[in-house]
Each structure stands twice: as C-alpha cells, then as structure tokens.
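Common to both upcoming complexes is chain A, partnered first by chain B, then by chain C.
Right, the complex of A and B next:
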C-alpha cells in the first residue's frame, strides 16, 4: 500500500467515525467518548464471523452495520435517555459515556478471551491485512472503504434532503423546541442518530484491522483522532466531520510520513501528537471549528481593509 | 490479612490525594478536568525523569537514562541505608520537584479554557493527557518508556519486611496534609469564590475577579497535589513505567470516587475513596479466586472494568449528589444572622 493510499483509507475510516460522533452530538448534545470502542465492537464482530464461519471481513459489513446500529440504540435507550430525563448536565452525560467506554472495554476484553478459548486461537491482537487483495492495481481496502463512505454519505444526504423524514430531522437538529411545537417527534431524531452513529462506527471497525493492529483497548487510542477530526471540522456540523476527518487523517499519516523524511523515522510514533497540534491550532484560531467560522464575514473584513 | 489492610491503607493514601485534588478542580471550581492522569504522570516524570537525572549528574554516572538509573539506585540505596536523613531529604526533594512540575503543567494545561466551552474543554484536556501518556510510553528518553526506569528506595534504611508499612505511614501522612490544605482552601474566601465561579462565571466577572486567573490558580494547585500522588507511587514501586499512569486508573477512578462520595464535599470524597479502594483492592487480591469460583473464561480485570463502569452509571443515575451531599456555606457572619433569627 502506498503512503497516499494508506492516508486515504485512514481518512475514510476517520470520517465514518467522526460523522457518527457529530450526529449524536447535534441531536443529544453529548460528545460520545465511547465512539472508539463502538469501532472495536465492529472489529470483533468481523473477527468472530471470520474465525467461526470463515466469512471474509468485507462480507461481514452488513452484519456489523446492523449490530453496531443496535448497540448505538441500546446505549441511547438504556443509558443516556434515563439521564437526560433526569436533566443531567453535559459534564454528567460525558462522564456517563466515559463509564460506557469502560464497560464496553470490559465486555470486549472478556469476549476476546472467551473467543480465544473457544477457537484455540489468540484474539487479543489481530490484523486483517493478509486477507486483502489487489483490484486493478489498487488495494481492495482503498476501493471498499471509499465505496462504503460514498454509499453511507450519499444515503445520508438523500435521506436528509429528499425525504419528509429528512426535513423533520434537519428541523429538529437546527431547533429541537421549535420542531417539537410543529409536531415533529424529536425522539425519533435521537434514535435515528444513535443507530446510524453505532452502525457507521462498527463498519469503520470492520475495515480498521486492514490498516492497523486491533487490541481490546484500541478504542482509547483512536478516540483522540476521532475527536480531533470532529472538532477541527466543527462539532455542530455534519459537513465539518467530513472536512475534519480528511484534514486529521492526512496530517496524521501523510504529513507525519513526509516529516519523517526530514526529522528521522522516530517521528512516525508521534502521529497522534500531530493531530493534537492541529487540534490546538484550530481551536485557538476558530474555537467552533472550521465550519463554525463565518467565512463570508472573514472575507468581507479582508476585502474592506484593503 | 495484615497485608491486605496495609495495601488498602496505601492505596487509600494515593487515591485520597488524587480525588481531593480533583474535588478542588471539579467539585468546587467546576472545571471538567478529564485529564487528571496527566498531573499524576508528571509526578512520575518528576521522579523518573528529573530526580534521577539530578542524581546521575551529581554522581557523574554515564550512559542512557535506563542503565544509569539502575546504577544510581544501588549507589544511593547504600547511602540511604547508612544515613536515614539522606533518604528523608531525597523524599522531600522528590515531592518538591513533583509539586513544582505539576503546578507548571497544570497552569499551562488549563490555558485552552480561555476560549472553550465546557464540552470542548473536557475533550481537549482528555486529548492532551492521552497524547502525553503516549509520548511518555513510546519515547524511552523521558522516563524509559515501556521499559521503565528504576528509582532509588528513599526508605532503604527501613528493614525489608517493614518497608511497606513505613511507606504506607508516609503516604497517609501526606494524604492527611493534602486533606488539611484542601479543606482550608475550600473553607476560605477563595473556596467560596470557586463555588461562585462553578455556579455562574458572569457573576464572578462582575465582582471584578478574573475567571481565567482563578482557573489557572485552581488547576496549578490541583495538579501540584495530584503530582504528589504520582511521585509517591513511583517512589513506592521503585520503578517508573509510563503504562501505570493510564486514563482508567488516574482519571476515571478518581472521578468515580469523587462522585460516589459527593462532589464539593471533602469529607464525602474521602468516604467515597475509602469505599472504592476497599472494593478495588479486594477485587485485585482475590482475582484468581473470583475467576475460579465463577468459572470465568476470561481475566478478572475485565470484570472489574464492567463493574466500576456500571457503578459509575448507577451513581450518576440514582445518586448524583453522592453519599454525602455538599453542604451550604456557614461563615461566621452567616452564623450570627442565623442565631439572631432563631433567638
């Protein structure tokens, strides 16, 4: 896999994860610290299907989509909705997703040990790269991840902009109270966003082992990149997640690789530092992310000062 | 049995320091510090990275930090064994280094809060702490990374079998000091100002106080205190290794103890810490027994994670104010007014 290919694949996966994070943030106003573990949950579903039924990870994508979605729904219904009903503050909700992350880590870890005992093959550390192949000179993961991202985003935009449900969804994302007055059931928006967030994250989890090794605690490592992607783009805007995902994905893999030519290969270990630096720079310049900036006003100020 | 009690007392000491420092920052000042582990890690860096280097320079030992530290350990241990004053002096030096490094890191680390709202701030602090953890883990030049560095045993003059008890006494003493400091701070005009900031920042600004300066002061003090725990923990295990400063152990668990006990109530936090530590240490000590008894096909540590995650959730859902509620402020003038009304 060339560096550019790797960067595109990684960015695609980050976009899948950060779009989900942004969606749930818009509808429920809580940054989900368990988004990384949602992905690892998907990785383990694919691993199970591969080990038990010899199903190629690419074919397990529909299963992870559905199961990941159900996980997202369960989390919202059992965990967050009761807290929201009791009018918990944002910090309390954030702490509850931290707790969720720990619970998921415990479940995934114990599942990984049990699976290893059942199949007599270690499951605490795995990678799917041996199952990848080449299609027309490009690695299959590049095509598959691009296809997945294209289909999910195309589907999402069709839904949001071409259906009545989408209009209701966008209305309740923009202004929940007003939408409720107009007869929209805001609860549906939340259910939908948590389903989709879980589903997209789990699909990213299926594809992630093609690029990096997965351990039960991988979620804790990738969460920094996911948040960086969402915040750089702007947590309040889905398009922002798209933009942020590619910015962080490319700076983490492509920029780091190019820097290693100047500063030595040691820097490759510090790819997360690069995304943190990008995050901090963006937050200083634009605390609401790139899409949170009123660009028309910035351009107008520039032209009027000349 | 005796060993179990000593272990509980030791960890109660470490965790009391950290959860009280978090109480100052989150319970009183309302700063959602999701990066508490960073300050504790700085305690480890102060011992493994700075204190060790000072000794290496003083003794003129050559070589990289990992091998030189091992040499330093045997040299200083001999010195400390023959002269206890030396050991106590080094212990105090370590604590001072940790407090200074912690305070500086805390003050710098909170700067993003100038521009960010609560949720963005929490994410940024968590990201900074997580990245610092990764750097210390991968880079073997700071504190030996995943190999770890050894540190001198500052209590080398105590015979081997009593070392743990002696260290527990030292830790509990410092935890008590931290309790006194936090209590005095929070029962002062400064503490009331912090509570006011938590409830409404605009009101504090309107009275002419700078919210940012208040936040920097709080984070510096809180991080300095938490660093003490990191330094003590490193000196206790005579080994600094980055992996032992994980987010679960030093950010999530302190939050659990704090919320279990009651945010904004120092006595409650101590009770919460004590409850948590008993459960945690018993789980850790009897993990093999639990595993065989329940026929678990997996490591008991995963069970611990699920259990503490659920405990946190139920505390948030059913008892968000904690075991002991935060009490209203009774200053001398208010007491006078109350007495007048009653009379």
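Right, the complex of A and C next:
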C-alpha cells in the first residue's frame, strides 16, 4: 500500500470514529474515552467470525455494525443515562468512560485469550492484511473503506436533512429543551446517537486491522487521534469530525512517514505526538475548532484590510 | 383547565417560586404580570416541566402532570412559547415550522403551516432562510407562528410582543383575543405591556419575588388604586 493510500484509509476510519464521538458529545455531552475500544470490539468480532466461520472480514461489516450499535446503546442505557439523570458533571461522565475503557480492555483481553485457546491461534495480536486483495490496481481496503465512509455519511446526510426524525435530531442537537417543547422525545435522539456511534466505531474496527496490527489495548492509543480529529474540526459540529478526521489522518500519516525518512523508524512509535501538535496549533488559532470559526468574518476582515 | 397547587420551583437548588396557586380557566385569557425577575417565565417553565419542581403539583384537565416529560405535555395539547431561544437558529424557517408540527397528523401539517402563514405572511419570503439570520421581530413572528402550528387547547405565551413594532404588537393582541373567541383556546399570557395585556384578559395574577401578590379579575387589577405601585413590586 502506498503512503497516500494508507493515509486515505486511515483518515476514512478516523472520520467514522470521530463522527460518532462528536455525535454523542453533542446530544448527551459525554466525551467518550472508550470510543477507541468500541472499535477494537468491532475488530474482535470480525476476528471471531473469521476464525470460527471463515467469514472474510469485509463480509462481517453488517454484523459489527449491529453489534457495535448494541454496545453503544447498552453503555448509554446502563451507565451513562443513570449518571446524566443524576445531573453528573461532564468531568464525572468523562471519568466514567475512562473506567469503561478499562473494563472493555479487560473483557477484550480475556476474550482474546479464550479465543486463542479455542482456536489454537494467537488472538492477542493480529492483522488482516493477508486477507486483502487488489481491485483495479488499488488495494481493496482503500475502496471498501471509502465506500463505507461514503455510504455512512450519505445515509446520515439523507437522514438529517430529508426526514422528519432528522430535522428533530438537528433541532435536539441545537436546543434540546425547545425540541421537547415542540413535542420531540429527545431521549430517542440520544438512543439513536449512541447506537450509531457504536455502530460506526465497530465498522471502523473491522477495517482497521487491514492497516495496522491490533492488540487489545489499541483503543487506548487510537483514542488520541479520534479526540484530536473531533476537537480540531470543532466538537459542536458534525461536519467538524469529517474535516478533522482528514486533517489529523493525513498529517499523522505523512509527517510520520517523512520524519521517519530523516530520523529513522523509531519515530513511528511517537506518531500520536503529531496529532497532539496539530491539535495544539489549531486550538491556539481557533479555540472552537475549524467549524467554530466565523469564516465569513475572517474573509471580510482580510478583504477590507487590503 | 390548568392549575398549580402550592408550587415551589426554581433551577436545581435555587428557589424562585414560593407556594404559587394559580388557575387558568377554560376559554379565558389569564394574564401573568410582575416586575423583571419576579418569576413569570419560571412559572411557565415549571408548568411545562422545564424547571425544577421542589414541591407542589400541576394539574391539567383534572389529571396530575407534575412529573410528565415536556414532550408529553405538548402531545396533551399544551403549547408553550418560550421568551428566549424560541426558534432553532440553525434550521430554516420552513424546518422550524415543520418541527413545530411534529405532533400533528401528517396530512394536516400543510394546512396548519398555511394557517400560520396566513397570519404572518411576512414569513413566506424567508422560508428557505436560516432562522438565525432573521431580525428580532421577524424571529418573534416565526416563534409565534410555530406556537400556532401546534395543535393545542392551551397556549402559554411568554412575552409574545417583545421586540415587535407597536403595529405588530397590536396585531398579536387582536389575534390572541380571536384565538380565545373563535378557536376557544385557553391562554396564559405573560406580558411586559401590562396595560394592554390586562385590557384583553379575563383573569390576572401579579407575581412579586416569586409569590402571588394579586389574583382575581384582570379589570380589578387594572382599576386597583395601587395599580402602579403593585406593578413595580411595592407591596404594603
């Protein structure tokens, strides 16, 4: 896979993950630190289906979508909703998702041991690249991940802009109290966001092993990039996740690649530092992320100062 | 029709309303007046379930609704027009009207939106514009229109004429009277324009520092010898 292919694939997956993160943040004010582990959950579902039923990972996407969605829903219903009902602060919610991340890590870790014992094949680290193939001169993962991101975003767009529930969803994101006044049961929109967030994350998890090796703790590492993407784009806006995902995905891929040519491959270990540097730079220039900038005003200022 | 009993309410621990007993009778306009910060909006919010109720009860058509979620109250036929943040700035005017008709049967939506547009024909020019780009008065008209789109038998209006030019304010007062007389609605009206509000109302409540300082016929409050003082919150 060429560097650019790798960068696109990685960015596509990052967008899937950060769209979910931003969505649940807007609708429930929960910064979900377990989003990375939601993805690893998806990776392990695909691994299980591959090892037990010899199902190609690409075909397991529908399963991971549904199961990931159910995971998101369960987490919201069992853990977050009771906390929100008791008016927990955003810090409490954040710490609870950190705890959840540790719980998921434990569960995934012990599950990988059981799976390994059962199938007599290691499951504590794995990669899907041997299962990938070429299509029209391009790696299949490039096409599949692009198709998944296109369909997900197009579907989300149709839903948000063309359906009654979508208008209600956008209304609830902007002002939940007023949406209730209009007769919208805002709780449905929260359930929906957690389902979708879990589902998109798990699909990203199915595709991630085509690009990098997965271990049970991969989630804790990738979460840095997910947050960076969402925050760089602007946490208040769904489109921000899209923009941020590609900015972070590309900078991480290209800068690490170029730096490794100069400084040696040791730099690969620190690729997350790049996300954080980009994050810091963007936040200094635009504290609410890129979509939080009033671009019309910026452009107007520029043209009027000339 | 709508009644509060010994209502103590506020925001989380903050206590704003004290033992408020109020009753809105069917097919009447009830005015709620009082100085700034006296708790008028808080009363409407607690009737609608958007404020914290510390104790007391809210009844609608004889049934208790104190613990119902707000959207359920909308479905029961209470329409509420908040004083601030009463339109979705990121949605277009058309989408605002469509979401206001969320609880209306599908085949009736068009009709109801058209009826609201008949009353505020100005809005028709803005259908595709985001509500956030409207002027204060235009936004207030949209908000009022969204209240009319909802199918309700009780209408709670929190300062519907704020920001409107006198001509339009007068139109709204006229319209409110019509809603009572023609559509037989029950209306709860909070107004800064006390004089006009009391003139068109049947009953009135005066709130001062979160307590009911007067309750009775609107005319009696209007002709009260200490009317001016009462309205400024001076009680003796």
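Definition applied: the second predicted complex is superposed on the first by the 295 of 306 C-alpha atoms of A that agree within 3 Å, B and C clash if a C-alpha of one lies under 4 Å from a C-alpha of the other, contacts with A are read in each partner's own complex, and residues count from 1 in each chain.
Throughout what follows, contacts are C-beta pairs under 8 Å (C-beta built on N, C-alpha and C of every residue); 3 or more make two chains touch, one makes a residue touch a chain.
Note that the coordinates shown come from a computational prediction; the quantities given were computed from them, not determined experimentally.
> Between chain B (first) and chain C (second), which does A:251 come into contact with in this model arrangement: first, second, both, or neither?
Neither: A:251 stays clear of chain B and chain C.
> Give one of first, second, both or neither to describe whether A:183 is in contact with chain B, with chain C, with both, or with none.
Only chain C; A:183 stays clear of chain B.
> Is A:96 contacted by the first partner chain B, the second partner chain C, both or neither?
Touch partner of A:96: chain B, not chain C.
> Looking at A:12, would you say it contacts chain B, chain C, both, or neither? Reply first, second, both or neither.
neither
> Once the shared chain is lined up, is A:167 touching chain B (first), chain C (second), both, or neither of them?
Second partner only, chain C.
> Residues of chain A touched by chain B versus by chain C: which partner has the larger set?
Partner with more touched residues of chain A: B.
> Now for A:197: first (chain B), second (chain C), both, or neither, which partner does it touch?
neither
> Common interface residues of chain A with chain B and chain C?
none
> Which stretch or stretches of chain A touch chain B in the complex?
29-31, 33, 79, 82-83, 86, 88, 90-92, 94-96, 98-103, 105-107, 109-114, 117, 220-221, 223-224, 227-228, 231, 235, 269-270, 272-273, 276, 279-280, 283-284, 287
> Along chain B, where are the residues that touch chain A in the complex?
Interface residues on chain B, with respect to chain A: 32, 34, 112, 115-116, 118-120, 122-124, 126-128, 130-131, 134-135, 138-139, 247-248, 252, 255, 259, 296-299, 301-310, 312-313, 316-317, 320.
> In the complex formed with chain A, which residues of chain C make contact?
Residue positions touching the partner: 12, 48, 50, 69-71, 74-75, 80, 82, 85-91, 95, 98-100, 102-103, 146, 150.
> Using the touch definition up top, name the residues of chain A that touch chain C in the complex.
Listed in rising order, the residues are 87, 164, 167-168, 170-171, 174-175, 177-187.
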